[in-house]
Amino acid sequence: MAVGTERAAASADDVWVPRPWVVRSATREIGDTVTLEIEPRDASAARPVAPGQFMMLYIFGVGEVPISVSGTGPTSGLLHTVRDVGAVTHALCNLGVGDVLGARGPFGSAWPIDEHKGCDVVIAAGGIGLAPLRPVVRHVLERRGEYDDVVVLYGSRQPDQLLYTPEFERWRAAGIQVEVTVDHADQTWDGHIGVVPTLVRHARFQVDEAAAFLCGPEVMMRFMAQELVDRGVVPERIHLSLERNMKCAVGMCGRCQLGPEFLCLDGPVFPWTRVERLMAVPEL
Amino acid sequence: MAESRSIKVDYLARVEGEGALDVRIEDGRVTDVRLEIFEPPRFFEAFLRGRRSAEAPDITARICGICPVAYQMSAVHALEDAAGVQVDGPLRRLRRLLYCGEWIESHTLHVYMLHAPDFLGKHSVIEMAKEQPELVERGLRLKKAGNAIVALLGGREIHPVNVRVGGFYKIPGDRELSQLARQLETALDDALATVEWVAAFDFPDFEVDYEFVALRHPDEYPFNEGRIVSSRGLDIDAREFHEHFEEVHVERSNALHCRLKQRGHYKVGPLARYHLNHGLLSPRAQQAARVAGLGDSCRNPFRSIVVRAVEVVHACEEALAILADFERPERPFVDVPAGAATGYAATEAPRGLLHHTYRIDAAGLIEHAQIIPPTSQNQGTIEDDLRQFIAPRLDLADDDLRWQCEQAIRNYDPCISCATHFLKLTVDRR
Amino acid sequence: MTATSVLAAEHLDRLFQALARREYTCVGPTVRDGAIVYDRIEGAADLPRGFTDTQAPGEYRLERRDDDACFAYVVGPHSWKKYLFPPERRLWRLRRSDGSIERVDADEPPPRYAFIGVRACEIAALLIQDRVFTGGPHSDTYYGRAREDAFVVAVSCTESAPTCFCSSMGTGPAVTGDCDLALTELVGEQHVFLVEAHSPAGRELVDELDLQPAATEQEHAARAAVGAAAQQERALDPEGLPELMGKSLESPRWDEIAERCLACANCTLVCPTCFCSDVEDISDLTGEHAERWRRWDSCFNPGFSYLHGGDVRRATAAKYRQWLTHKLGTWVEQFDTSGCVGCGRCITWCPVGIDITAEVPKLAKGEAS
Amino acid sequence: MSDKPKLAVWKFASCDGCQLSLLDCEDELLTVAGEVELAMFLEASSARVEGPYDLSLVEGSITTPHDAERIRAVREQSRALVTIGACATAGGIQALRNFQDVEEFTRAVYAHPEYIRTLARSTPIADHVKVDFELRGCPIDKGQLLEVLSAFLHRRKPRIPTFSVCVECKRRGIVCVTVARGEPCLGPVTHAGCGAICPAFDRGCYGCFGPAASTNTPSLADHWKKHLGVPDDELGRAFLSFNAWAPDFRAEGERHG
């Protein structure tokens, strides 16, 4: 035996092996984006999941990609909203009810929603970035009384790329302010035009009471965070979800590093204060 | 039957490289036979000039993906000839082993995948596999054994990287070599079964009185060394090649033809080697040839498939013999001094004699290179064969005649990719 | 610590025999292809007896010695990570049938290795990779098992190469523990190995060898030899390195290095602590079988940081910065240790001889000015 | 006739070695034939099935006006087009003519240069038509060819790494020939795929897979010159061989000799 080895107890299930999950429903949200509801074939594979975490979804022989949890299904299932951008996501978007896929997880850090009870909540997302934040909206919706003003600021490139629009009315009905913008409007659009950070000026919340949750392209998140800080939001209360290439999701493949952070273990959700400096360095 | 017809094969299939056939028949007479080559010129001899002589084996390998070892072997021998170096002993035996690998691979490819379908009325080996999978699997296994030799000694099957002037870059380990021997035991059985199989094919009655040209060595079936001899009395050293042979760029033909001065077309390849050297085949190969009824000479080009199969037996047996008493050479290569000189060498590529000439300058750069591949030597003979073959078969339907003509070309396993000398010519059709 | 005993060189095979009786697969140094590599070895005859190496940035040469020393070389192109974290390993095979997915291979246990000739810096590297693969919330089972089963025969260095800087990093050249046996080789009038056991398994094995205790002069000679190896030309001051790396993220020096760096990944692949990997999912032609392979990768490789149709780190400067700032800087935050053990491999095996001990002071100077 | 995807193999100026790689897949050939219809593969079959084809493998470079036309026709009939080998991907060894006077070349080889119709340059397929994937190598590696076939069959990305030969060399545990022997090796700038066979045979890589995704050829050349003593003309030749017309190698080659 070698001495001096620091050993964690070998986990029962091999971290590399995906377990079979079954598609319970598949709903096309918009042109290239589908929400899957999946359930473990064997209930013992189910693990508690918190909003902000992600799963590694595997398509037989095609590959495996990280996809955030965008909600929980009516039963023990998980919801994943997937945008078709390449081979694996394409295959995911084309799954049908009853199809089997592989899944590992959940992995990563969660949105610290409970820590901000009693606060105003600002949720800002760009494009597919609303998917990991939808559980936050739903969480707040279910515990509406525990939070003060809640604002959702959301944008996409074009009107037909906006996600979850049917839900917006329900959110508004529950007293959530939902502001939506697009980069490029068409005739049908009579809402805001411009990038997401420009929505802040329409948002009604108390800066010194607010906690913010951001997800979207990195530039959008940087500008948004800066805007919020400039307006007086406490930097420590701003949280964002980052994205990097990932292969293992268990902190061993080394690919998802941003400075000292492993996005799969320490993230993907970080407080702004921890990543602000790193995000400012090009190509880090 | 129409008075005048023309048999055309737009793209010859199951040959290496791209060519076409155009036969013109007028008043029941064959008036024209053209083997047309599309293969565009690649100018190897031109850009070899100014390259270091050590690069020649790697560069000339790229002339042909089917028989790269032959090009490498002719090149290194010619360059060693220029330097006055003789590579002997275990290194020489390893070179023969490598050549065995290429023969097994290339011949088996031809026998099973390119030629046998003709005799079985099939378009391809894949079609053959539908009815006789075990047979095709045997062919693939045999071919794989040949490739295994080339891959072990050369690093990979196509364009091996381990051949250098003076020997090899590295000698494979003993363990790998002995594993190879095991694979070759099976290959020998497969090769013997192959002879039996192809010997039973139906061959058209067709014999030609060729002048056969091949290497001859006093005590070896020829691979990489020997005098250039012919069935009509030629007996020269590789250095004298250009005094007896000439390359002509004739307008009617599509390629540089190589001819024996004064005498014209001749034939190289398995039939020629067999005619001139059958007594030096390995014991099992000789026995197989006897049982297959080959006799001392075979002048029916359609039966070349049998001779190839016999040569595969020889190559397997010789490979096993080399491995059985293999001695590890002290160094993987011998030093080859630089210096201005001219070198010549011929080796026996699977398809026949392959002659290289290099003139090297004092800095070790190639000044002049000339490469004469087997298919350019056989080109004239292929057309002669076709002419003779077609004449008595004019009453065949076009489709049958076309099929048989194609088959007659495939007898040669013509390697059109050995394209240094081939070019496309605009054919005048009136 | 147990007392030091003496094993005569001509009896070295007894050690191999004792390990064989315990059914270990011995791997250790041997001469191959012009270098001293780690490979399967059966006995003392396979060791690089009478060989040594000379090293410089971008240069390594195998050389003959005029004695019979077995371990009088430094470190070569290989490191032990290839046994614990193999360069290519199939993680699993799956078969698809009737729309369901089923695993069709079994977890094969790794061989029980005995590592022969592990240097002090290499022990440090093993301890670092232990943290990476088994110290976090998830554990690499294969690594864990192979490591746990391994019997480590360490050797204190009595020579060091000009590329070594373990003294400054505090990882060598003396072996002080974290192994089963530690040897120190003495050549001279007598060719002997001083043996110390550092674990119960090591002690048990030493007892079986039935050795004489070492004489005081022998222990002195050993200390002197190891002490001589501690005199090294190269050095890196680990103090303040993470801070320096953190401050240097936008230093113009990265661009200067990038002019020379080939982004060929050799430095990361020879490094005994680098752990980056690629996970490849493949399927066969029929589409019925799929496999997952894990292979050594590198932060220098294209696609390593792929995101949305492009790499996050495109410029070689950014890649080199990732490698160095991780190795010497952020590693400390992640694993509470530096990622560098001062073995010098990345200096020797860089095909253009880039030398981290020369680059770090330049960064420091850049910061100062 | 068959609902299997139709595969076609096309040849332009080349040595046939890359398409032979398919026939060299002795263990997999019949499986391949079971999964795809070999609709057009002249080297192997005299049967020809009309297009369109689901996947065309194209070997060889464009060196004649006729071939420049022909490749367009191939593209039109092909859903996906993959080039195989250095000729199709970078012009091949025959692209060495691109640095010279072709007429002089023709005179050097042929007695009657007037019979020869050829273009002044040997160019890669991608210079003429859109290419969906380029498989490297002179010749290609058959394992990689199978990988590309599987990937196209199952609509995933081919796992063909674009890093340097050094990565394969190190994964195999080969001792670096440059560092340990002072042997010039193009591995650090050459595209992986061969499995580092040259270093495995104690010789430097000669770049037959062409440039890797990122190359720093000036630094490598500088090191060869200053530390390995490689003369300039030798350096030039090293870069100008089987992938001479690939931009990175061409530029470095032209800087020397």
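The first chain written gets the first letter, and so on, giving A, B, C and D; residue counts start at 1 in each chain.
Basically, a contact is a pair of C-beta atoms (placed from the backbone, for glycine too) under 8 Å apart; a residue touches a chain by one contact, two chains touch by 3 or more.
These figures come from a predicted structure and were not determined experimentally.
Taking the mean of each chain's C-alpha atoms as its centre, the chain lying closest to the overall protein C-alpha centroid is D. The chain with its C-alpha centre at the largest distance from the centre of chain D is A. Spacing of chain A relative to chain B, judged by their CA centroids, is 65 angstrom.
Chain A and chain C have Cα centroids lying 39 Å from one another.
Inter-chain centre distance (chain C to chain D, centres taken as mean C-alpha positions): 37 Å. The geometric centre of chain B is 51 Å away from that of chain C, both derived from CA atoms. Contact with two or more other chains is made by residues 61-63 of chain A. Annotation for chain B: no residues touch 2 or more other chains. In chain C, the residues touching two or more other chains are 282-284, 287, 297, 303.
A list of each chain pair in contact follows: A-C, A-D, B-D, C-D. Against chain A, in their complex, chain D makes its touches with residues 154-157. In the complex of the two chains, the chain B residues touching chain D come out as 11-18, 38-47, 49, 51-52, 55, 58-59, 62-66, 68, 109, 113-114, 117, 123-127, 129, 133, 136-137, 140-141, 143-144, 147, 155-159, 161-162, 164, 168-170, 247-249, 251, 256, 332, 406, 415, 417, 419-421, 423-426.
Residues of chain D that touch chain C in their complex: 28, 31-32, 34-35, 146-147, 149-150, 153-154, 156, 159, 161-164, 166-167, 170-176, 178-182, 185, 187-189, 202, 212-216, 219-220, 222-223, 227.
On the chain A side of its complex with chain C, the touching residues are 1-11, 14-17, 20, 41, 58, 60-64, 85, 98-100, 102, 243-245, 247-248, 250-255, 257, 259-260, 262, 265, 281-284. Listing the residues of chain A that touch chain D in their complex gives 61-63, 86-88, 90-91.
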